[in-house]
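Order as written gives the chain letters A, B, C and D; numbering starts at 1 within each chain.
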Amino acid sequence: MSIFIDRNTRVLVQGITGSEGSFWTKHMIDLGTQVICGVTPAKEGQTIHDIPVYHSVERALRNHVVDASMIFVPPKLTKDAVFEALANGIKKIVTMADGIPLFDMVAIRHAALEHNALVIGGNTSGVISPEEAMMGSFPYWIQRVYKRGNIGVMTRSGSLTNEVTAMIVKRGYGVSTLIGVGGDPVPATRFSEMLPYYQQDEQTEAVVIIGELGGTMEEEVADAMEKGIFTKPLVAFLGGRTAPKGQKMGHAGAIITGGKGAVEDKIEALTKAGALVADRPSNVGILLEQLNVSKK
Amino acid sequence: MKLFEYQVKDLFNTAGIAIPKSQLIHRVDQASEAFVQIGFPCVIKSQVLSGGRGKAGLIQFVKNEGKGMEEVTRLFALPQKISSLLIEEAVDIAHEVYASFTIDPLSGSALSIVSAAGGVDIETLAIEQPHKILQTKIDMNLGLQAYQANHIAYECGFDPETAKKFTQLLLKLYRLFVQYDCELLEINPLFITKSNELVAGDGKCSIDDNSMFRHEDISIPLGDIENEAERLAAEEGIPFIQFDGDISLMCAGAGLTTTVYDLVHYEGGTIANYLEFGGPHYKKAMKAMEICLKVPSKVILIVTFGTIARADVMAQGIVEAISKLKPDRPIVTCIRGTNEVEAVETLRKAGLNPLFDTEEAVRLAVALAKETKI
Amino acid sequence: MKLFEYQVKDLFNTAGIAIPKSQLIHRVDQASEAFVQIGFPCVIKSQVLSGGRGKAGLIQFVKNEGKGMEEVTRLFALPQKISSLLIEEAVDIAHEVYASFTIDPLSGSALSIVSAAGGVDIETLAIEQPHKILQTKIDMNLGLQAYQANHIAYECGFDPETAKKFTQLLLKLYRLFVQYDCELLEINPLFITKSNELVAGDGKCSIDDNSMFRHEDISIPLGDIENEAERLAAEEGIPFIQFDGDISLMCAGAGLTTTVYDLVHYEGGTIANYLEFGGPHYKKAMKAMEICLKVPSKVILIVTFGTIARADVMAQGIVEAISKLKPDRPIVTCIRGTNEVEAVETLRKAGLNPLFDTEEAVRLAVALAKETKI
Amino acid sequence: MSIFIDRNTRVLVQGITGSEGSFWTKHMIDLGTQVICGVTPAKEGQTIHDIPVYHSVERALRNHVVDASMIFVPPKLTKDAVFEALANGIKKIVTMADGIPLFDMVAIRHAALEHNALVIGGNTSGVISPEEAMMGSFPYWIQRVYKRGNIGVMTRSGSLTNEVTAMIVKRGYGVSTLIGVGGDPVPATRFSEMLPYYQQDEQTEAVVIIGELGGTMEEEVADAMEKGIFTKPLVAFLGGRTAPKGQKMGHAGAIITGGKGAVEDKIEALTKAGALVADRPSNVGILLEQLNVSKK
């Protein structure tokens, strides 16, 4: 069993008629995802890949029972779309856009906590359980990257995720569920909040986290391990060991930490909690082997 | 986007937060007039975005015009090409305080950080005497409440008169923080003068890049950017940082870039620049390469592994850029992801030797950089 | 505070909500110029705060200048002294819609009320076809969200073009509602013209009196208030309503006042005016009595039962007012509450006969009013 | 036993050094209320009637355990004071000011619901259990009005409450606890929300509500009776039967109802639910007698 989504998850797509929304909806369906309806204002009555489109989430829910919403709207409209999904009682949401205003992400995080909902993103490729289902934009057709298996992956990155996952697969492993929490400084859901799901998931034998400098998400993972909330083998890959301090490369979640967030601190915390930390992508698979994680 | 000190102080001023009397000059010949306006003693503050200005000698306290002119002349002549100086009155300081707003990503709140012990070494203080730093979460749906500001003021140990002024200042600072979508808005130091006035001695403001569309009134004057590569990148909106090593990076994504950065260092190489070639920039190969060529590097290393940023489009762009710009240094490519097979073909056809493994590409780039050096 | 139609439309205009072309006139001799500006056919709308203007003949549709001048002359000559008329272009109406924002006291939210069936008889519609009225709660900490406005627009059955315009209009209307602390902000009717534009045909706005300190830009021009007693009360900020009965009420508190109002009617009496003598006004006996004396009543009935509004202070004020204003009609007092014993003494000393039971006081006032009539 | 407050309720007073705060704090103490600390910014270190004053609620709570807060600050500062009390975990709050901006009351009501707190007011005299304790400004020394007994009273009015209560007492009854929910269009707590407390209170044998035209609070009381949430005898006095429609007298909570809130509707609903409705204050006591409420 995968986590977050599987073939039974009924997915609504917000922004389904946009070029990205339409393109990736097709891929989601092709992989086996159950996309059952979509929302784009002004487009009710149309269908996209035979999926009916509605003016609003509330109108869609009059005709469909939905488990999750996949949001493909532009960054400036993302907060509104997430709020719409939350207000309509949807508890699993993935929102992809890169470039969401910081304060909008703060509002989204705040609202997600208030609604007790899992909102994944923004600035992410989403969630994929290879050979099962996905919400997002993964090149699942590249088999040297997206192969089914027993390794749970959580990541803050995009390209780096492909890089690391390719290395895991190269070593003979596969992925159970990969969750991109997103590269924004304020992700709506944090690594440690997804750990209990991986802990419970029978398919997942070990977890790989792909971290970054900045923020405290990796420290929170260490904390969850220390507290016994997560007890499976865990390997972390952390880039940025040699990065110059005080510089922000791209949208790395670095800035907003006030002294915390150096890679050394993260390595120390994770190592202390019993995780193994890889210094380069090609070592991740080797460390999984060291932890005697099976290759099934 | 980080603002220059004088820009931040302009914001403070419009928000009703007192700042020292000051004048901004761009040339040596504007200094005398500024000294007349401001008087002596005064402080000459170089307007650069990097930190540690005091330690670098970029802030000078001067007591008379002779010394003042000398410093102005020296600062404008520095190799880093400082484009403006702020001539500022010297304030009678009784006490220094630290006050800032930022974001708490865990709770999804704003965070007020205040220390009555001043902010000269706030990071050290945070570790050694954390109780001297007051952190207060602010529900951004409600905003900073007067009672919170009031409580902070008295926790600082201020007398009632100062506390009332500080409460008002904090409320004004929060409004600015929200108005300008700040990642960080900081007054450090906040002077409490001998006549018990609150004056912002220095300010930092970093505006969320994703919100810049809401702040068209604010921009970094491009003319103030000394470095040509930096200016080109800023014009294109391409994230770019120049270092002083050998290898220009044209990589996609912050995570992959920092990883490549690490791998280069593991192999004994050094970085000439970081340049974001992913996300919305993946079609900008021409401009990206032009910028890298302005940097005195020895090799250009291109590493990507994109999904939406299609490998074939990036490869095609690189081929066109090479054909047009005729680069004077070797280029190493490691382009993977969506349509990677087509990408490899495109690069091969153009006579390049596309690599497919990041570590191999890094090793080759480092080797090439060393060769070129010899 | 209720605003005149032309004031509400000014607000709409500044908020980017379209209004018909119009001109406000204060005198008959301004009409020709206005007719030239606006053209024919046009609508002449009396600017009064009371409802039911259409049925009262205070709104006139005219097709030419002759008829227009006739109506302007007639309206300005009415006994109720209309101080201004709005000359407004006639709009080509395809459809009428109702849209307003108010407060939902149960949930502590704002409430959007929209009906695509128009608002001519929204109260009747609310009872008979409630599904045609869309009520949407708005968390005021977050504000009206675009998705909510969008959903409302499509629930109205609008086509996409109209829906987009209506969504924008609703968002603008909400911003005004919040900006002006409105108890109610209403567009009724909202015209959808034959060329598919949204135009606010009429507007109601009631601003929370307790928030007026935030809206010093807004006021009812006192010159526009015809009645002298009303103007005096408005100047003093004393709540006052004039009716056409016999007994002037000077009572403390909305609850006690409405109770006295009932008791007077039970006894067969009628009310000349309501005047709030409690709360912040309990020291204003002189002004309150002056206002009551401007009303053509036969008796002044004063009933209070205050705590903070001290009985002795009110009694003293009444005695002073009587001595200065020398009222031409009987005064009945029933003043109780904090320091009521002293109050009774003060009134007795001044030769009054203070009563202590509300019903007794009411009976006396009604009897006196009838006597005076005979 | 009284409800909301008794002699064991430890009360903090916000705005204790103001003229009203100081004046009524003295009276609260004289009646037997346990006022243990006060808050006024800039006044920490002072005492008022021997009660220590603090700069902020948080600072006061470092030295005191508090059950309730009595707020005497001006209307424009009320929202801030209520938010301060709520943020510091105080669950019983009385706020008196007349003239609180409407939207501030909306925010207070919203916050009270979110915090699951009982906020009474604004525009009220507060809460009194005669001969026991009070939070507010009642002339408890006028014994023909404030006599202890078995009648619970809830009211939206000020002066009218004195009028009606005097009539109840004149008829030989006394009051258990009187709660002024306040005369604002958006009271922080509504009649029906206090009914369960009266239902549970052994001292209360019957309840009198003093309503007004406008709003739906009286209808909600009727609803609670229909649902069996409140089963004791209930008498309502409602002014405004003959009031002209569409006029707002004083701060009556009339306007914001949209068609609802006419006195006739309230009378009908209450009568249907089994309440007796008095047409004048002097009848309230008579109706209590009709319901066989004892005079103990």
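Following the convention adopted for this analysis, a residue touches a chain if its C-beta (ideal position, glycine included) is under 8 Å from a C-beta of that chain, and two chains touch if they have at least 3 such contacts.
As the structure is a prediction and not an experimental result, all values here were calculated from the model.
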Which chain has its C-alpha centroid at the greatest distance from the C-alpha centroid of subunit D? B
Any idea how many Å lie between the Cα centroids of subunit C and subunit D? 28
Just curious, how far off is subunit C from subunit A if you go by their C-alpha centres, in Å? 56
At least two other chains touched by the same residue of subunit D: list those residues. 107
Where does subunit B touch two or more other chains at once, residue-wise? 141-142
Work through the pairs of chains, note which ones touch, and then classify the graph as line, ring, star, complete or other. other
According to the definition already given, which pairs of chains are in contact? A-B, A-C, B-C, B-D, C-D
In the complex with subunit B, residue positions of subunit C that touch it: 141-142
Flag every residue of subunit B that touches subunit D in the complex, lowest number first. 142, 145-148, 150-151, 154-155, 160, 163-164, 167
Residue numbers of subunit D touching subunit C in their complex, please. 20, 75-76, 98-103, 106-113, 125, 137-139, 142, 155-163, 166, 183, 185-187, 190, 210, 212-213, 215-216, 239-244, 246-247, 249-253, 255-256, 258-259, 279-282
Would you tell me which residues of subunit A are touching subunit C in their complex? 41-42, 44, 55-59, 77, 80-81, 83-84, 87, 107
Would you mind writing out the residues of subunit C in touch with subunit D in their complex? 51, 102-103, 105-110, 113, 123, 126-127, 139-141, 178, 181, 183-184, 206, 208, 210-211, 213-214, 239, 241, 243, 251-259, 261-263, 265-266, 274, 276, 278-280, 304-309, 336-338, 340, 358-359
